[in-house]
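Next come two complexes, and both contain chain A; in the first it sits with chain B, in the second with chain C.
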Partner chain A sequence: MRPQAERVPTSTTLLTIQGSDGAWGIPSSAVASVQRLDSHGADAEPPLDLLALLGVPSQPDASANSRVLVLEVHGLRVSLLVHGTLHLAEAAVSELLPLPAAVQAQTPLISHLAVINGKAALFVVSPERLLQAAHSASTALSPDAHASARGSSC
Partner chain B sequence: MRALVPAKIGQAWVLLDAEIIREILGSEAWLPIPGARAEMPGVIAWRGRAIPVVDLAAPFGFDRLNTGETRARTLIATVAESIVAVPVDAAREVHGFSTTELKPVSVSALPYALAEAELFDRILPLVDLARFVSEILGGATPELGREGIVIHAAAG
Partner chain C sequence: MLKTLTLKSTLTYAVLDLLFAPFVILAFTHLLGTGGAADPWLTMTGLTVLKVAVWAFYLAFQLSPWERFARTSVKGRSPELVQAADRSLQSFPIRFGIFYSMTWIATYGAGFLIVKGLGAERAPLPLQADNAVAILCLAVFFGGFAFAYPLGSSLTADAASECSALARAGGYSLDRSPSSLQLRIAVVAMSLALGPMLWMVALGYIKQVESSHTERVTHAAQVGAELGLAISTLDPQQGDKQLSAVLDGFQKRNVDGLVLEGGTPQGSPAATRLLAADPELARWLDTETARVSSGTRARIDLPQVIAFQRIDPNRVAVAVLRAPVSASSSFILSSIVFTLLVGVWAPVCAYALGRAVSKPIGKLTAISRRIVEQGDLKEIGTVAVATNDEIGVLTDKVNDVLDLMRDVSLAAHAIAKGDLRAVVEGTGELPDSFRGMLESLRGMVHQIRETSVDLASAAAEIFAASQEQEAAAASQSSAMVEISRTMDSLSESAAHVSEAVQGVLGNAERTLHNTDDMVRRIGELTSHANRIGEILEVIRDIADRSDLLALNGSLEASHAGEGGRGFALVASEMRRLAERVTASVSDVKKLVSDIRDSGSSTVMATEESKKLAEGTTDAARQITFVTQQQRSGTEQVSQSIKGIADVVSQAVSATSQTRTSAQGLKTQADRLSALVKRFELTTEAP
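Right after this comes the complex of A and B.
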């Protein structure tokens, strides 16, 4: 009897964020919803700013599209504030390159470099690590620091 | 004989060991690492892997690579089981130097200079790229605190 062939994923769908401070991707399988900032529940926990978590110095651009991404991994959720244009992109497994250890040490929330047309195009953020960092931030930050890590609601 | 590659960074020509240079590419776009140090500002994709970009201009005190900037040539080097990309402004053909042609450092005050040799009517420092990269990847660069820069003195 021949063993059954196991299906191995050959590509990953990324939700990409093209902003003035760079391009980022998040596996779409971890994105539970995308909300307009003004429709994010007023009684909900304010979203964490993705760029602040990544350590990217940024100046909020009032004209940039701001959205709230709700990520869910293993039943845990976190809301992220992102600025820029959102797209869905299909990346072949061979186009997702793991970061070398020395780079990982500098930027632990990023797991892969995504390549488009042979060129480095964007960094892929790890939802698992992001959730871990977000929950650490939630429990460790003082109220003042917490406010700066959280995104502005306007 | 020791095979060395002359490479130009800013206004300075330096010599690098040819045996660790795997390939010389043209200008390569790189992606900046958030919060990166100037010595390792980004990554590029090379042969199906992500490799760090290391900027020799940083220890030399020259204009560092800013986001969106590239240099005309990109050296791909293997150091301590890691592969890195080193953007340079120019690279020339490999030259062989005998041990007597490699002199102790006397006129170059460049960090990571191992020796000096004459080429192009100048005294060029031989830069220990392997040590620089090993220290960068290991998160330290003790030589960067050293004073002084220079570059090349006219020979003769």
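Right after this comes the complex of A and C.
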């Protein structure tokens, strides 16, 4: 199924993740907070690895900064484990380019490609889809899968 | 057989003593006029026995050293014992002869005093008896010495010969003073002559005294009769005047006269005093005048003789003749002259006799002395033989010995000149031994000739060898000196090395110490770096938290829209600050890491340096130890080399002496060869 086009404000603030596997962006409005991995509560649900959700085979840099992003969309929260440097960047709507359908079909969690200063800078992840996929994953995956996903982020 | 010399001598002298004693006692008692009275005989017999005991004791005392010698075993007879025994034997004849003769004098002197002590009543003796006994004592002294002295020599001759033989065998001398045979003969002969001579003089003298006594008694009786007759012819009317005239006439004839008329003396005052002083005489006159008409009273010890003659029944004429006994002066004079003549004549005769005996013996003694002391046989002629007695035979045999010695001397003289062809004739041990000696000498000279040639050759070889050896030793000595110097230099170098190594060791030890200090400081630095790393981690964590906080702040500001823009700027600045801090922390961490790496590298390098320093220290210590050992060893070697150098030097000296000795030996061998060539051997080919 082809995803429907969403309303895009004139500018949006993205939380960019500059990692060794590329640059990613999440609308800051969906990010409730950023936490350190070791400060993430032990009783809380273990964070999901963003790259794993995106299907990017990655070899996380041990020296890279790992953070837990707490996304909150429509009252639903999900914790994502990301690796890289986090920044807030203001992107105009015009700089957010929708993905071609063929590509969208292959990467359902990516909503836009941000082109900053005429160059493709990063992929913008859709928080809603990501949340949905996260819930789907959390319900579909067995506890072992959660453990595997958690273990790969360490 | 008598066992000891003392016993033998005592018995010999005792027998002779007892043989002579009765005759001497008989003559003595007659000399004293005691006749056959028992008391003098017993007295003299007792004194004689005492005399024998006294000289026997002295004889035993004199011969005691010899008896000690005789009792000692042959092994125990030391030279001192033999010499003491010989001294006693040598002095025995003269000492015992004198002592023995003195016992005779003592015996008869004491006997005379004892007899004299009996008193004039029992043994009246004239005053001349003292002189006669004195002469008699001299006679028995000489008489006793005349046989005691030669008898003593005869008795001890064998024992003295034994001592002489022992001393000669033992190689020591005896303490014998020189004596003269001629003097001994003279002394004995004089004693022999004077003894009987004085004996006869004593007897003659006392007989002269006795004759004079008899003569004065006869004279007194005659004078008494004459006095009585003269008084009887006096006229009684003339009274005392005529009597005094008669008595005066008699007084001129040494006669004191008086008349006893009714017991009252009248006449010479001297005669009257004599009667008054001698009551015994008065009683004798009363008794005798009553009994006989005339009588005489005389005692040989009194100087006067009393004679009386009865004139008539009332009167008695008494004459006191003053005439002491005496020997005639002609006898005394002739005795003195004769004694002196005998006293001179006897030694002269003895001298003549002794000379007749000792002169040939003296010649033989002189010849023996010349042979022994000068060895002059050529100048000694044949000793003339004057008699055919023992001395003549002895002289003849001495001439034979002289001839033999002369032959041997000539042969020896020829041998001394090198002529070994000398021949000694005759038989006997001496010629045989001389011929044997000559034969041995020929063989010896022959061997010496050969040996001297060999010796000269050997000496030459030794000389050459010692020269080579001396040169080699000298070279060796120089080498040793050079080695010694080198060793001294080596020792000095070792000392320098030791000092340098001591410096190195000190530096290495200081380096080791510094290295340890550096390691310690680097450790402290690493610790500080670790601490800085920890602090940086805290800072980085703080920066990370600040960054996160700023990021969340920026998120919140972005959520707030325009209203949060200012806060977003602050959060952004804060984030940059946090990132800069983080970047600075990373830089500092990198620096700290570099410091730690450098510290680790430095520690490793320091450890390596420490090992090297320890190695250096150990090596320096080993070098010091080895150097000290080397120095000690070098010094020991140097000392040894010096010792060897000394030995080599001594060897050089010894070799030089050997060379000199070899040279001298060769010279002596040549001389010996030359000397031996002087001998002419009968066995050699001409």
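To be clear about the criterion, the second predicted complex is superposed on the first by the 141 of 154 C-alpha atoms of A that agree within 3 Å, B and C clash if a C-alpha of one lies under 4 Å from a C-alpha of the other, contacts with A are read in each partner's own complex, and residues count from 1 in each chain.
Here is the rule we go by: a contact is a pair of C-beta atoms (placed from the backbone, for glycine too) under 8 Å apart; a residue touches a chain by one contact, two chains touch by 3 or more.
In this text the structure is predicted, and so the values were computed from the model without any measurement.
Superposition of the two structures on chain A shows chain C fitting alongside chain B with no clash. Using the contact criterion defined above for the overlaid structures, shared-chain residue A:Val56 touches chain B, although it does not reach chain C. Judged by the touch definition given at the top, the superposed model places A:Ala120 against chain B, while chain C stays out of reach. In the superposition on chain A, A:Ala105 makes contact with chain B only, not with chain C. By the touch criterion defined above, A:Gly22 lies against chain B but remains apart from chain C after alignment on the C-alpha atoms of chain A. When chain A is checked against chain B and against chain C, the one touching more of its residues turns out to be B. By the touch criterion stated above, A:Leu97 is placed in contact with chain B alone, chain C being left untouched. In the overlay built on the shared chain, the residue A:Leu86 is in contact with chain C alone; chain B does not reach it.
Taking every C-alpha of chain B against every C-alpha of chain C after the fit on chain A, the minimum distance is 26 Å. On chain A, the surface touched by chain B in one complex and the surface touched by chain C in the other have no residue in common.
Residues 29-37, 40, 42-45, 48-52, 82, 136-139 of chain B are the ones touching chain A in the complex. Across the interface of their complex, chain A is touched by residues 544-545, 548, 551-552, 554-555, 558-559, 568, 572 of chain C.
Those residues of chain A that touch chain B in the shared complex are 22, 54-56, 94, 97-103, 105-107, 110, 112-113, 115, 118-123.
Remark: chain A residues 13, 15, 28-29, 31-36, 65, 67, 86, 88 touch chain C in the complex.
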